[in-house]
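Two complexes are shown next, each including chain A; its partner changes from chain B in the first to chain C in the second.
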Partner chain A sequence: MTATVVSAKGLTKRYGSFTAVDAVDFTLEENRIYGLLGRNGAGKTTIMQLLTGQLFANAGDLEVFGRTPAEHADVLRRMCFIAESQRYPEDFTPAHVFKAAPWFFENWDAEFAERLIADFRLPVKRRIKKLSRGQLSAVGVIVGLASRAPLTFFDEPYLGLDAVARHIFYDRLLEDYAEHPRTVVLSTHLIDEVANLLEHVILIDEGRILLDRDADEVRGSATTIAGARAAVDAFTADRPVIGREGLGGLASVTIDGRLDQAERIRAAELGLELAPVSLQQLIVHLTGTDLAGSTEQEKAA
Partner chain B sequence: MDESRPIFIQITEQIENDIIEGTLAEGAQIPSINEFATFHRINPATALRGVNRLVDDAIVEKRRGIGMFVTSGARDRLVERRRAEFAATYIRPLIVEAEKLGLDIDQLAALIRSERIES
Partner chain C sequence: MTAATATPLVRTEGRSRANEIWRIVRLHTVNPSIFFGIPWIILGGAWAITMALALIVAGASGAPADDILTGFRYSWAVLSPQWYLVVVGVQAISFTFSFALGFGATRRDYWLGTSIMFVLVAVEMAAAIATLVQLEKATNGWWVGAGMFDALWYGQSGWLFDFYTSFALQMFVLFVGAGVTTVYMRWRMKGMLTLGASLIVVVLGALAIITGANAWPSVWAWFASIGLLGVFTITLGLALVCAVGGYLVIRRATPR
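Let's look at the complex of A and B:
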């Protein structure tokens, strides 16, 4: 039995005439890792700021741990939000940040933080404004992990972190999550890198939810069919097409939906090539300009 | 991990392969969910889903507080099932490709025999 941590209904945020978040409905269940994905300006950060009480919604109902997040200290205390460019007081060092962290996070594990500091080779005595971009990101990642908040948000946490450091982050996140389950929301552009960590994917585009599905369902849920144009067109005629490319007499069409064994054999007999579509490619197709956003609405209709 | 197919299915298949090949003997303990998750860098829920399919098929059994173990007779049942799927998974695509290349059934059989000798 899983408990609902976040419940949003018709959640809307406008800035003047611009609607950043447009009447979205979603829930976050306890102890799952979510991917909040989408292009720049899609509304991901705004949603996270609404959830953490940093912004007020213009319309809709929002409950976090059963209450409105803003002005409820007991709700805010159970959340940790790691922003892309976190600001710290002038003259602060990482050591100051880690010393102050337990005042805000009751589950703070200083020993775990020490291990992470060693993993990331972070100079804790250096002033934060003298740190490199990657080291600054490491400070945020360490706070996010060692705080063990029941609801943790990582908003593009690793600007400037190299591949080694990012993999340290993924490994430590998984290990610690396994031992101390909690709800994690990961917002990132590096979709291929995090795809396997996610249990559930929420894809946002222009303030709306384009896709809200378990990662296992999403994986392999689309297929690219390539070959002679006539054969490809015949094969994909009655299917939901989400992407289309062509070169001379050749065509490559991406469809939403799994192919069964019989269909695969038929495709092979027609001389068609079938290629898997990764989560990242699927998202490019769904949020790209060509045929954006037709699938989930069609399903809802 | 192969991106095209659900990862929990790949976890199931990998454990099945280990049992068929004998890397995991009957009665042996299999790694824990968290060990699978951190080793493959996947979500523990995904690993659990993969292992639970084996529990449902009685290939693996859970012993409360101890861990998960390969059941007796698991290997025979897996081999039997894989044999039943063999034609659809391997033979059918092979014939399709052979026909495309103009190889008849005797040539195909001869090719299989020669490969067998070489390996």
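Let's look at the complex of A and C:
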């Protein structure tokens, strides 16, 4: 049995006339890895700040571990959220952060933290202000991993990390998750990098949820059909098209939905090529409204 | 099968509330230089300058230490760390508060822990300054007539009086800095402007009323009647107002 850790209904956060999070409904279940995906300014960080009680919602119901998170110590102590733009006390060093962490996270594993510090080659005596973007991300990643909080948030963990460090994060997270299952929410706009980590995808754009599905389902949910323009257009005529590209007499069209056996055979007979759509491509198709719009116009002209 | 039931909240924690508040005090002292290091560096610097001045004056004039000491009565050097401590109060809310929330502290525990920290710092500074006043008097100005601590109102009514006045002043600067910053953290610039404008209106209003009623002599008479002790008790009262106000405001404040 899986327990629900977070349940949000009609959750809304407004800043003046700007609606950052617009009446979203979603649930997070125990011991899964969620991807909170979306473009910059989509509302990812706002949602995480609402879930961790840092912000107060303007409307809607929110329960985290069965309770409103804000000001409830027994809910808050089960969460870890180091924001991408986290502020640290004046003149703090990573060493100070790791020294204070065990007072706040009861499952803190100091040995694991030490190992991660070595892995990421983090200069623990350097002031936080002087760290590079990647080193700053590493501080958040190390706290997130070593805290082993039942609900852990990683806010843009890949920002500025080099390829080796990204790989370390990926490996360590999966290793540790296998041994100590917990609910992980990972927000990022670098989707291809994390695609394989995710078990569930929540895609948000302009404060609304566009997609809330199992990651495996999402991966197979769209298909790209390429070939001669006339054949492609005929084949996709009555299907939900989410993306279209063309070059001369050739066209490549992405449709939302799977093709069954008979359809695949028909496509092959028409000389069309079928290709799977990566998570990133799908998300670009779903959220890149401007891009899609311009190609549509191009075709009409 | 997924059951959409909320996990019942199991209160397994052996951690007491006191611990949740105390860890905030510890968080403030992880980097001890902020509350304990820098104030003493500032005070130490001011003391070194005072000593140098005393030696220069003694060398140039050959005046006896007692006379030089009288000249230092109006030195403000003993108050030099106060400006820095206002900034510490501001930073405790603008930086450390955001960090503590990220680590899962509640706003209430954060404010209570920070208040305990402020009280501890005020006691420490006040006890040290009151003791240094006595030491300075006992050594007749560190043997060269340098008067830094035995200045202004200090050194005239005994250790306890010096302790109490320093404590009140210390509490005031810390809580004013922190309290005003909670307004910013909750209402941002709009709140700061409103607070500033209201303060100006209140002060101008009070001045207008007193001047209009020709009541300045009785105001001064009242200040004279409550004495220094009364003035510092008002200061301590203002610190408490900021402490309670800050608690109410921070409960709905959001980090930047």
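A few points about this structure:
In the analysis below, the second predicted complex is superposed on the first by the 289 of 301 C-alpha atoms of A that agree within 3 Å, B and C clash if a C-alpha of one lies under 4 Å from a C-alpha of the other, contacts with A are read in each partner's own complex, and residues count from 1 in each chain.
One rule holds in what follows: a residue touches a chain if its C-beta (ideal position, glycine included) is under 8 Å from a C-beta of that chain, and two chains touch if they have at least 3 such contacts.
Please read these numbers as outputs of a predicted model, since none were measured by experiment.
Judged by the touch definition given at the top, the superposed model places A:L122 against neither chain B nor chain C.
Once chain A of one complex is fitted onto chain A of the other, the partner contacts of A:G271 are limited to chain B, with no touch recorded for chain C. Using the contact criterion defined above for the overlaid structures, shared-chain residue A:I225 touches neither chain B nor chain C, since it reaches no partner.
In the superposition on chain A, A:G66 makes contact with chain C only, while chain B stays out of contact range. In the superposition on chain A, A:S7 makes contact with chain C only, while chain B stays out of contact range. With both complexes placed on chain A, chain A has more residues touched by C than by the other of chain B and chain C. By the touch criterion defined above, A:L211 reaches neither chain B nor chain C.
In the superposition on chain A, contact is made by A:Q261 with chain B only, not with chain C.
Against chain C, the residues of chain A that register as touching in their complex are 1-5, 7, 27, 29-30, 49, 52-56, 63, 65-67, 71-83, 86-93, 96, 99-101, 103-106, 149.
Those residues of chain C that touch chain A in the complex are listed here as 1-9, 11, 13, 15, 17, 20, 23, 26-27, 30-31, 33-34, 91, 94-96, 98-99, 101-109, 251-252, 254-256. If you check the complex, the residues on chain B that touch chain A are 1-8, 33-34, 37-38, 40-46, 49, 88, 92-93, 96-97, 100. Listed in rising order, the residues of chain A touching chain B in the complex are 32-33, 170-171, 174-175, 177-179, 195-199, 215-217, 219-220, 261, 265, 268-269, 271, 275-279.
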